[in-house]
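You will see two complexes here that share chain A, one where it goes with chain B and one where it goes with chain C.
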Partner chain A sequence: MASISLRSLVRPSLPVAPRIQPIIIAAFSTTSLVSAAAPPAIKNRKDLPKKTKKTYKKKQNIVPVKKPAPGERKAFRKRIQLSNNSALPVAGLDALEAQTMARPESSGRMFAVPDEVVDQLRALEAFKSTQTWNLFRKPHVLVRKETVELMGRLEASLEKKEAFKCVLTGSRLSGKSLMLLQAMSYALLNEWVVIHIPEGQDLTNGNTEYSPVPDTEPMQFTQPVYCLKLLQNIYKANRAVLEKTPLKQDWSRLSATLKPGSTLADLALSAKESEFAWPTLSALWTELTQPGQPPVLLTLDGLAHINKVSAYRDPAFNPVHAHELLLVRTFVDALSGKTKLPNGGAVIAATSQNNTHFHPSQELALSQLEAGQAGKPVPKPDPYERKYDDRVYDALKNSTVMRLEGVSKEEARVLMEYWGASGMLRSVLDSRVVAEKWALGGHGIVGEMERASLITMRM
Partner chain B sequence: MATIATGLRHAKCAGSIAAAQWRTAVLPRSTFSLAIRSITSDSQKTTPPNLEVEVAASVPIPYQGVTHARVVPATPSYFSREPQFNDLYIGISKLLTKYNHLPTVPPSEAPQMPWTKLEEMRAQMGEPIKASHYAKVMRVAKRLNLIEPSLRPQEVKVALTEFTRDINPFLNMPNPITIDKFGRAVGVGKRKESTARAFVVEGTGEILVNGKTLSEAFGRVHDRESAVWALTATQRLDKYNVWALVEGGGTTGQAEAITLAVAKALVAHEPALKTALRRAGCITRDPRTVERKKHGHVKARKMPAWVKR
Partner chain C sequence: MASRVNIWGACRSLALRPRPARIAAQSFRSQISSTRFYADDATNKSSSPPSGNSSASGSTPESRPGNANARLTNELAQDASAGTVSSSSQARPSDALDDAALEQILYGGRPVTSQREGGLTEAQEEALYREGVIPPPEEAEAVLARSEAAAESQSIVSIETDVQKAGHKFGLPQKPYPEGFHVKKRYHPVLEQITRLLMRHGELSVAQRNMATVMNYLRTAPAPIYSPKFPLLPGTPPASHLPLNPVLYITIAIDSVAPLLKVRNIAGAGGGGRALELPVPLAVRQRRRMAFQWILDVINKKPSKGSGRNQFAHRIAEEIIAVVEGRSSVWEKRKLVHKLGTAARANVGSNKLKAKKKK
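Up next, the complex of A and B:
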């Protein structure tokens, strides 16, 4: 009885060992086969030809359509198009130069982004598919009042030999990511080394591989594949600077190619496999934080995602706080001032309003910092909130909060004149139209103004 | 219990029993009183007992001072079907012939009168007035109303009150919106379930809805545009600031309620814009609301699916 029940439990679909099939060799014959096969012999009623119902339905005319290959649709959705030949070229606008954005007189003017900087920014993934670059012939940026202020701070950090730590915040579509892009182009034009993490979410949502670092308590993790990609991006964007900066320390234990005279570019290129990505990246970061190296700009978009408990689990299946991921920790240490930047430079994080979650401790920390800067009474934590995270407060407490809201009407006018010159605005541009779009865009929120005036152009 | 009910059954109809069983007149006739001339003008009889002459003299001579053999009615309309109404017509026609020469004003400038409606006049007089007759009379009354108001005789004014209602609905006007000492005009607008109050001041084109900017208050660009449509259509968007409070309903309703509120407040600032705003559709309240659900229906109109038994 037991044997029967056991046999019934065996899965019939288990793979069977391949048997050697006997090869049946056809008999040698020179006569050809009978061309028409004989009909099957009828042995019982089942073999009789069955009646088929005649259908009067029209056959659908199926045209063979080639379906897009896997990933093609997503690639189309996420593509970054930075020029549009249908748009009119705008003449008479200067290109950005090293100190342009830091000068107060360039406030409220449009500038073209130079082509080589565009390539570098593209390598850094600074452009986003949600921005409207694809409507214009060439990337141009508006230098706002806040831009001049931020670039002034960046410039001052060089003299003080101290990092400028900043969090960009503000309402939705107000241009925080674009401000990051402007800071990056400023840094690239001034030959800084730029490291940009385009989306904080990518680090913590568990979509990239992670591996624990041995002998750490609490356990820390690296993200090898992401780090390798980041290294390659850093190399592509900052190649010129990295190639003329020699190493200060001996990193020959990482790669045999690294000799005492090699440069930072060699170091960045030495990681060919993802296992070596994190050691190389941390070596690069160590080199960049040595005195005498070029200044560094470290930026990140989507701050709320790196201040939460990540989607990763440790071997005991406990959730891992994002600050235990070494790449995130590197950024957070720089933002909190734990890692000094002796050559000057900046650490800028931007919050996101579209892709975010409610984060009480970050909200509180930012509002407290902002109130402190403005000299207003500092808001108190909500006594009924349990989810405050001290690590977030420690990460943010030393930074400056810069709030971005709408542009002024003069700036809006400059921007709309650029749109008009590119052939995007059909109506006559006068102060009334500017005031209308400014009001429809929620008092000059740039993205909302774009929605209100260029919405028909968006694909 | 049953006995009480049967006992009370009689009481149920008590009112109908107590009421008059015959048909009563609709209204007491106020102005109409029959003035019937009596044949004998004096009724006191003095009979002196003694003198024959006196007796002879005292015998009343019949038909003295009487011109008509029969009683003559007080009004020529006595034998008509609607005597009061006919009297009115005669009186008003006489007035028109009398004052035909007075100067008139065009109908648009004549004072607005709450004319009595046909039904109302029938009820007042209790007479079966024909619609065509009514129209004829009203034409005369309206012609009299055209007489230049400063030259209008008292007679005409009194006569015309007979043709007007007691309540003048044209006096029932909304309070005009005033601009307060801070320069604000408050307008109220409604659409569907939403109610909006808009405080409009002269300014630079800043708009706050419930303390939020337009882009925060309305996700759809269309809703934002319709909220400020009163200002856009009159090209006043950069001349005024709006601070609006809106509640109830959905986004579309709220946006369009704000349109009406802003338009009303804007008219308080610039009354000349009213026609432009009316043409832009910002003055008339949209009366459409959700249709009520009916029994037997799934929604207002939708019927349940047909099921075979």
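Up next, the complex of A and C:
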């Protein structure tokens, strides 16, 4: 009312009903409107038309270059090449068999990874583009002292019917991811079911979709697209084992195709769309944790990323702790021993030193565990540190820490002989050269030795 | 076809003598280590030459497919003598050489690849890195033996002088120095030169990393397919030997496209204010520098195919492969320079040049 009275004060004329006003569509004329806009009005000297200098240079004809499609460059950069036909085939090396890596006598020897295992590992994304697989004819691995130890623990877990929970740590380029790869190939050769999360960062850096689980407090989230991809990878890598393992429970609520006689492979294949991925994955995990199923190896690379507060936000815009993501929680529960693996098996997490952040409570927990294993005094938490996270401590407290550092000189020699036999090392291989590269590689850090002898101008 | 014939014809009276390598006062690699060579493989085969037949093989150049330089000078001399003899029978001296013969002379009278099954011997590789040509194995062995003998005699002298010059707490290191002894001569001489050429903004370690990436790319790429149209350096080993020896691969590529000469323009000496175009032979390092600059020019114009910091190195490696396979446009540049040099060959001993010098 006040606005009307105000308006009437400002505009004394009476408002006219809009209906009565004539609606002008167009003036009646047969000539079209002048299409050219009127020249801008000249107000001062600047508006006068400028004289442009005429150039007699020939215009360079720019050839249009076909640019690669989006994502193609990155795919090229990240591609994984596992063979080099120029490299010489190395004769006289055995292929890995089911129990090879667990035997103490195979310590300090090179073994070829069998072709079918290579395909499975590729499906699991166990190979990384930063590793130097592309220089050699076929993937070979060096069985180190630590490898034998780890595989022995995996073997023992079958006897005890209890999960072996382990965190691999160690300095940069010391072979933690490769140890994961060896554990995976051991598991694949022994017909375990292998689930591998290739990069912990992918789960928490907010680059994959997430959706809340209703009626959870605090709110939990699933990552449907990632879970679907993971399911497909699990199926591709473990197809033979999954196809001969029948289901123990009735999962017909997930998919109509799941009859009582179906196998785990049918379950894994039943998720065709991402919204059913998480229920299917959790069903698969429930099945695998039933007694009488094949043993499971669950691995993850880049531990620090799943122990932090993730980049995701809940509906109230509070940051979400990574352990509230259900896939991460599944892994963490298995690592902490909350989920039992009644058929034996292992949960192995590897820290990464290239792509990581300093995580005080993880560092503390790992150092405490390590000191406890060695029988040394256990380090105390820093009283001035505020960022300790109890959930991380709870997740890690039941695991074994295995530290990887450099290889011994004998192992370095075996490795370098393999490089030489592949034709990648042209210099004479004597103990002096081995000792030199061993020392240049930070006392046998394998990645640094590769840098010093393979990725160098001096060969 | 006609143009090709013209080029060969034009080459006839061009006396091209790439500078002979001076073995005694070589500065390329100051000493040849007696312990091990670049090309020594794991077997550590002894590289001591056969002592007796070096002089015998040197005296019969026709019996073996020879060094390009030696043959060129040799046959040109023969050509000159033939011309004087047969001038009465109205045959022009240049006609004594047909195109096939000329091609043989210029490419050393060898097929594109060597007929031998294996690759190069250590001595041959050493000669290639030092002189830019691949001599037959016997000659390379002989040269190596001579230089080793020279080095040994030098080292004996140095030891004697060491004894006389007391006062060093730990004594002087013995010559020849072992591999990797000198911190500034740590890398292969060819790589050293090329690395510094591809360096940008003075970042040497980045250039060295790029060079390592180039070599790893060459090692992982399939063996090149030689093109018969663009013959490589005479005596090039079969293609299957190159990928595992990336230094040889790069050297073969660069030395094959390297120009033999450049054309100097001497201002005002041409008469009438024109410049006199004078073909000048190039030394090995100069030739390599020019060839690699050409390759770099091509690379800088190419778009990269991927992303990441290895792209520059990948483009270089691809271009090196393209050179060896005869797909590169660098070959055109070489042809152009040689054509210009052939056209200006008459100016080599020009009177105008002397007049210019007097002034």
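Here is the rule we go by: the second predicted complex is superposed on the first by the 394 of 459 C-alpha atoms of A that agree within 3 Å, B and C clash if a C-alpha of one lies under 4 Å from a C-alpha of the other, contacts with A are read in each partner's own complex, and residues count from 1 in each chain.
Going forward, contacts are C-beta pairs under 8 Å (C-beta built on N, C-alpha and C of every residue); 3 or more make two chains touch, one makes a residue touch a chain.
What you see is a predicted model, and the numbers here were worked out from it, not measured in a lab.
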{"item": "Which superposed partner A:I80 touches (first chain B, second chain C, both, neither)", "value": "neither"}
{"item": "Chain B versus chain C as contact partner of A:M424, first or second or both or neither", "value": "second"}
{"item": "Which of chain B and chain C A:I445 touches, first, second, both or neither", "value": "first"}
{"item": "Partner chain in contact with A:L88 - chain B first, chain C second, else both or neither", "value": "second"}
{"item": "Chain B versus chain C as contact partner of A:S171, first or second or both or neither", "value": "first"}
{"item": "Chain B versus chain C as contact partner of A:I455, first or second or both or neither", "value": "both"}
{"item": "Touched partner set for A:P68, first chain B, second chain C, both or neither", "value": "second"}
{"item": "Touched partner set for A:A435, first chain B, second chain C, both or neither", "value": "first"}
{"item": "Which of chain B and chain C A:L135 touches, first, second, both or neither", "value": "second"}
{"item": "Residues of chain A contacting chain B in one complex and chain C in the other", "value": "455"}
{"item": "Chain B residues touching chain A - in the complex, by the definition given at the top", "value": "204-207, 213-216, 221, 224-225, 228, 232, 235, 237-238"}
{"item": "Complex interface listing, chain C residues touching chain A", "value": "36, 39-42, 44, 180, 186-188, 191, 195, 208, 211-213, 215-216, 219-223, 243-247, 303, 305-308, 310"}
{"item": "Touch list for chain A against partner chain B, complex", "value": "171-173, 406, 431-432, 435-436, 438-443, 445, 448, 451-452, 455"}
{"item": "In the complex, chain A residues that touch chain C", "value": "65, 68, 73-74, 76-77, 81, 84-88, 134-135, 420, 423-429, 454-459"}
